[in-house]
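Here's the structure, in structure tokens; my notes come after.
A, B, C and D are the chain letters, set down in written order, and residue numbers restart from 1 in every chain.
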Amino acid sequence: MIDTVLHVVVLLLLPPLLLGVITKIKAWFAGRVGAPVLQPYYDLAKLMRRGLVLSTTTTWMFRAGPIVTLATVLLAGLLIPIGAADAPVAFAGDLILFAYLFGLARFFTTSAALDTGSAFEGMGSAREVTFACLSEPALFFALMVLAKISGSISLTSMLHAPASTLSAGVAAPLVLIGIGLFIVLLAETCRIPVDDPTTHLELTMIHEAMVLDHSGPLFSVILYASAVKLFVLGTVLLHVIVPFEFGRAWLDWPLYVVEILGLAAVIGVVESIMARLQMRHVPYLLVGAMLFCGFGFILLIR
Amino acid sequence: MTNLLNSILVIVLMLNLFALGTSRIVSVIRTVSIQGVLLGLLPLLSHGHLSLTAFLAILPTIALKGVVIPGMMTHALRDVKIKREVEPLIGLQPTVILGALGTVFALLFADQLPLATQHAGALIVPTAIATVLTGFILLITRFKALTQVMGYLVLENGIFIFGMLLVEAMPLVVEMGVLLDLFVAIFVICIIVNQINQAFSSLDTRRLVSLKE
Amino acid sequence: MAFLIIFFPLLMAALAAAVPSNRLRPWLLPVTGAAHLALTVFTLARPDLTVSAAWLVLDPLGKLILLVVSTLFLFCSVYAVGYLRNRGERPNRIFCVCLMTFLGIMSLVTWSHHLGLMWVAIEGTTLVTAPLIFFNHTQRSIEATWKYMLVGSVGIALALLGTFFLAYAALHAGMETSLVLEDLLTHAPQLSKPWLHAAFVLLLVGYGTKMGLAPMHTWKPDAYGEAPGVVGAILAGGVTSCAFLAMLRTYHICFAAGEGAYVSRLLLFMGLLSMAVASLFMVGQRDFKRMLAYSSVEHMGILALGLGLGAPALFGTLLHVVTNGLTKGVLFLSAGNIHRAYGSKNTEQVCGAMRRLPLSGTLFLAGFLAITGSPPFGPFISEFSILNGAFDAGRMATGGIFLFLLLVVFIGMGATVLKVVQGRASLEARNTPYRDTFLTGAPIVGLMVLVLLIGLYIPAPLAGLIRDAVLFLEGQP
Amino acid sequence: MNVLTFLLAAIALLGLSGLPACLLSPRSSTGQHIATGMMAAGSLLGLACLAAVLAGHAAPALSWSWRIPQSLFAVGVDPVSILFLFPVFIVPLLGSVYGLSYWKQAEHPANGQRVGLFYGVLAGGMALVVIARDGVLFLIAWELMAIAAYFAATAEDDKPEVRRAGWIYLIATHIGTLCLLALFAYWRYVTGSFFLESGRVIPVEEASVMFVLALVGFGFKAGLMPLHVWLPGAHANAPSHVSAVMSGVMLKMGVYGIVRTTALLTSGAAWWGPAVLAVGAFTSVAGIAFAIGQRDLKRLLAYSSIENVGIIAMGLGLALIGRFQGCAAWVLLGLGGALLHVWNHSLFKSLLFFNAGAIIHAAGTREIDRMGGLAKRLPVVMALFAVGAVAICALPPLNGFASEWLIYVGLFRTLGGGAETGTPAAALAAVALAMTGALAVACFVKVLGAVFLGAPRSEAAEHAHAPAATMVAPMAVLACGCAGIGFFPLLTMPLLESAARMWTGHAELGAIAGLVPVRQLTVAGFALAAFVGAVALILKMALRQQTVRTGLTWDCGYARPTGRMEYTGSSFGDSLVNLTTFLLRPKKFRTSLRGLFPRPSGFKSLVPDTVLDRLVTPVFKAVGQALPRLRVLQQGQTHVYVLYILIIMIVLLVWGSMGS
């Protein structure tokens, strides 16, 4: 029972911290002091107290977008195990629900963007949808590798499998899907190599362009949802690339927190040292991710 | 008896080749009518004795082929200006050679077919087939409508040669029916030839090509 | 009874010749047709009446063809009255006389059991239908009649030669020569083989010309294209069925003589050749009457193919004679109406027939669907049984080619028919006086209902008749 | 009385529903009301019969003799038939109600009666196909359905493109029917009678021949690639309620055919399953890729139907692999998923087509790029379209997800690991299905955005008028259906299991719920709804004391945004079309800009159907030109004709004597 409470608390509170860590790392790299690590929390609180500006051309879809996105991402969060504990909601076949929840989120985010009728939001949603089509197969190859290793199709046992069965034949595929999943993580949460969250050039944005018109509480919900999404996908990635647990709850939870913050740091480092890819080259990156995971899968079933 | 029969059949073959060779329509008509008369006489020679029905069958054949049809043909010819066949498809001499080749083929083909004992030596089957082939050649190489009718008549004569062989098999009614059909066919064709003549003001069938794919 | 069926129409023909008025004379046609059909049904109901003389015997095959042609003639005669009223300006004395004479001679064909007499009758049908084709008196119809007569006469002459070869085959075998069917059948095994083969080839080419099998079909598109609709229906439904009856007789004799394999090889070849040539000419055909002619060539090919497949496909083949005859009636009569309404047969000028002539257009389309073998209609049942026959006879390849050619024919014919039927009629086509009347519409509807009936529930008497015919052909008395 | 006789009465009611209208005058609309009434009676009677049979009421097979040789009028009902009968009794009825205001008789005097008549015959034909147990009866019902669909679809046949689309459909259907003719003839040859009942031992080679014939024959109707060429044209040019029935139910008749044939041929070969799986995977990915490139709304929906048929084929392929390897789980999941997707697709696809009809009726055009901003004027239609779109993209909590979830779980189980030895290659289909899901989201966001959201792009879209109630009611019913199956998939499991048992032939197959927790889907669905409610509540509280101001869209400060500045549908899909150029072969016409002051130039892009435009049409044109050149045979000279007779006589004589 404790684990589920901890799970919910961590799921709800921790994500903005990741964004803070990433911005702090980037500032540190650039030799700046940067905003405090808790800055995202302040932003969220500020935005919740702000007024809302709605465009005349929008319909109820504009408000539904952020709401559904947050709801789906939170539900997805409940499906995955955090640390050594099992997921609060676990059943055979929940990996497909997990993947398609992100599809539902994408459906409503892009529709909300198109609702405003602005060219930039259209451009952002077109790119978002295109790159999703390429990252989806990579994600599924990874899930298939995990399903093959664990022999089950429930996320809990799939994600705990790497930690428990470290046989030789499994290591290589796990590394490969680790790399693939990392690229998918960067693509899905619009980090540097694919999209630059801090850019001001609307023509180059993907995720930011979709939320140009959102303001006030709606914008805070969106920020929070993207943070949670980063957290959820990060957790999945962690189970693949850092597959060991202590077995005792009071040790595993702090270990997990350290790992997730480490991952945020790594992302910060990657964002600092890499520049954005040209829009034409992003598909090649994603196809690369798909090939990594695919090759991992073929290695496994050979 | 058979050598008299054969001599008549040889005459029929000669008439075939002559019909192929001439270019004047009148002479073709005359050749065909002579041929018709000759083949009318055939049963008299081949069987010696003759039952009444056979005799009754022969008389109208000779009358029809010798007198009635040539009359209709010359009548149809009356108002056609040019009496001479235009150059046929492959020229007169090659047609005759073709006719000869046809006769040789007929002889070869006839050997394939076993003959009943009483017709062992007779040339009936080869002559019949040769005449049929001549009829075909006339139909294929000539352009004037009337000459093509003549070709059809030669074809009919060929078949009648064979018919004469089986006079007993064909009861009188059927024999008369066949003759009646022949007569009506020629009659209808003459009407059409007149119509063609009025409509196209010439009998050259090469003008009759408007109906095509 | 035979003399009554044969000479009643000839008597009426003479009566028609005597009737002076152009308006009254056509009405004799339906009277003759109805009476003739009544006589036929009466004869079929009483088997004892079927033997009248040595040569005039109505066997099951003859019954079937007599029934089909008589029914078709009745519907066509009703249509003819409407047609002739519409063509009031032309004298129709020869037309009516020839039509009735045709009915008489056709009955003679079905009754005759003497091959020579049958030949005389078939040649008679040719001569009688020549003036019918020539009804329009245009240059094109003269040319069509000329070709019809010349090619037809040459072909039928070969059939006579074939008949003589058959007689000689009996003579050669030492039996007393007779061309009566029963004698030939009883002595069939003893007939000398080479004469029999030569006879079959000549009869196949001869009666094939009358049926319109390729490559002897060349007269068909010209004759059907230029003849009025009703004459086309009679030719496509009646004359071809009679010629096919002659072919059936020949097949029967050769089958009895044990030459089944030899015969089926030739028939299969001619059948597939005809279907192939017909489909070749149907693609991109711009004249819808010529298209119907090629459809007739194709269906004669199907009949020959069915016959070639031998016993398993016989039921389908005989049923196909019935369904093909009736469906051709529907197609030609409705095509005649459309031709009258638009004054042209070219698919460039003729379009939107469904809107311009609602009844004829719909029936033309329904006829197309029927003739290409779409299920609810009769031809589907017969073509499907022929296909089953092909599979039973172990000829899978033939079945495959058969289906492929049916497809090509469907595409070729469909393009033309849909161009005629769909769309909107041009302005001047809309204001021509011609409209669908009862006389020119009801017979087509009647034929269509018959075709649909056979498609869904073959009437018991017809099925029994066909079964008897199949048994008769296979030699069991 | 046997339930089957009532069922036949219901089918007769459906089939003849269009007849009374033909007897009345073209102007009067009473005929149409009578037709809808009869159809309602027929459908409700039918549904009652199905309910009775499901409730265990006996329905023994019926057979009457009709004089067609070796064939009986045999009809029977078994779980697979019942499953396919449900859409047949629901969608046409809703379409008829929809047609009351969409295709009013008064507005369409020329073809109103015709559409009504053939609409009824189409519905009746489909129902008869599903219960036919005799080859010839099956073929008759099949062709009735095909011809009725043709005449109903080519209602406006005065437009050339309608005629062309109809013509392509007719040829494709006829090829399919000829394959079925060969199939049933071969079936009779092998088993001795037309009676379609499984349990006969058929050698594998003959079974394989029949399988290929069935796959091609029924594939044409189902719309599997590359046999789909007729589908986009026919659906785009047909009236919307007809294309809804065609796409929602008629395509399923092709699927039913394949399911029935594979049920009959129990002894399958190894390659059957992988073949159907591969065809299904390719069809689904290619189908949705083509859909993204389309600019005509109904062509887009037609291509998405092809995609969904591909998904069904994938489920079927999985079931075939399972049956061959003796894996009950795969059969249950594969076939269960496929058959559930048949239901789901007939629900949401007809919903989307009704929606499309309302949109086109309002905006007056089928071009997506000339619509936009319809949500403001047609709010209800937009909401229903959103439900349909979410369902068709197989997103949770709606019904599309339930069926694809079963297929996914089945595919993942083929990975093996643990007890069964898997055939991991089959799992690659899961990746194809994932790709299809993502592309579907892209496609339907494009439609939703371009048609409903944003600013109107043309004044026709600006003055769109809302559809009548009778058009919205059917859509609402279908939307509830989608939500119902989405939230409570467990209700459908018993029928799916009995259908799977019938399909494999042996009874003990176990339950789907035993293999995978279907109840959890309901839990997840309600959890999602709860979360959305919660977040919405939080937002409402946050906004209570805030001011909500409205203004222009923040276009980086641009003061006068117009409809033309928006992303159109084709620009939205352009990046994806570029990614799949090897498949779509898009044609782009851009005039090059030359000189310092170039003249105004234009840009036009088009995504034609590759198979149709690159393969089928050129072949038909080439044959069309080649054949006339062979017409030299009929050049008109009489003497040439006589020559033919001479030649054939000699040929036959020589061949005859040589042969014997």
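Keep in mind that, in the parts below, a contact is a pair of C-beta atoms (placed from the backbone, for glycine too) under 8 Å apart; a residue touches a chain by one contact, two chains touch by 3 or more.
Because the structure is predicted, anything quoted here is derived from the model rather than measured.
Participant: Closest chain to the protein's overall Cα mean, using per-chain Cα means, please.
Facilitator: D
Participant: Any chance you could check whether A-D or B-D wins on number of contacting C-beta pairs?
Facilitator: Ranking A-D and B-D by C-beta contacts puts A-D first.
Participant: Please work out the Cα centroid separation of chain A and chain D, and write it as a whole number of Å.
Facilitator: 36
Participant: Roughly how far is chain A from chain C, centre to centre by C-alpha average, rounded to an integer in Å?
Facilitator: About 78 Å, centre to centre.
Participant: How many Å are there between the centre of chain A and the centre of chain B, using C-alpha atoms for each centre?
Facilitator: Once rounded, the distance between the two centres reads 100 Å.
Participant: Would you mind pulling out the distance in Å between where the CA atoms of chain B average out and where those of chain D do?
Facilitator: Centres of chain B and chain D (C-alpha means) sit 69 Å apart.
Participant: Can you list the chain A residues in contact with two or more other chains?
Facilitator: As it turns out, chain A has no residue touching two or more other chains.
Participant: Listing for chain D: what residues touch at least two other chains?
Facilitator: 628, 631, 633-634, 638, 642, 653, 657
Participant: Touching at least two other chains at once: which residues of chain B meet that condition?
Facilitator: 112, 136, 139, 148, 205, 208, 210-211, 213
Participant: How do the chains pair up in terms of touching? List each pair.
Facilitator: All touching pairs, sorted by chain label, are A-D, B-C, B-D, C-D.
Participant: Given the complex with chain B, which residues does chain C contribute to the contact?
Facilitator: Touching chain B from chain C are residues 114, 116-117, 119-120, 123-124, 126-127, 130-131, 134, 139-140, 142-147, 149-150, 153-154, 157, 160-161, 164-165, 167-168, 170-172, 174, 176-179, 192, 194-195, 198, 221-222, 225-226, 281.
Participant: Within the complex, which stretch of chain D touches chain B?
Facilitator: Where chain D meets chain B, its residues are 628, 631, 633-640, 642-643, 646, 653, 657.
Participant: Could you pull out which chain D residues touch chain A in their complex?
Facilitator: Residue list for chain D touching chain A: 372-373, 375-376, 379, 382, 386, 389-390, 393-396, 401, 404-405, 408-409, 412-413, 415-418, 424, 427, 430-431, 434-435, 437-439, 441-442, 444-446, 448-450, 452-455, 516-517, 520-521, 523-524, 527-528, 531-532, 534-536, 539, 542-543, 546-556, 561, 563, 565-567, 571-576, 579.
Participant: Given the complex with chain C, which residues does chain D contribute to the contact?
Facilitator: 66-70, 110, 136, 139-140, 142-144, 147, 154, 157-158, 163, 166-167, 170-171, 174-175, 177-178, 181-182, 185-186, 188-189, 623-624, 627-628, 630-631, 633-634, 638, 641-642, 644-645, 647-649, 652-653, 655-657, 659-660
Participant: Using the touch definition from the top, list the residues of chain B that touch chain D in their complex.
Facilitator: 89, 109, 112, 136, 139-143, 148, 205-206, 208-213
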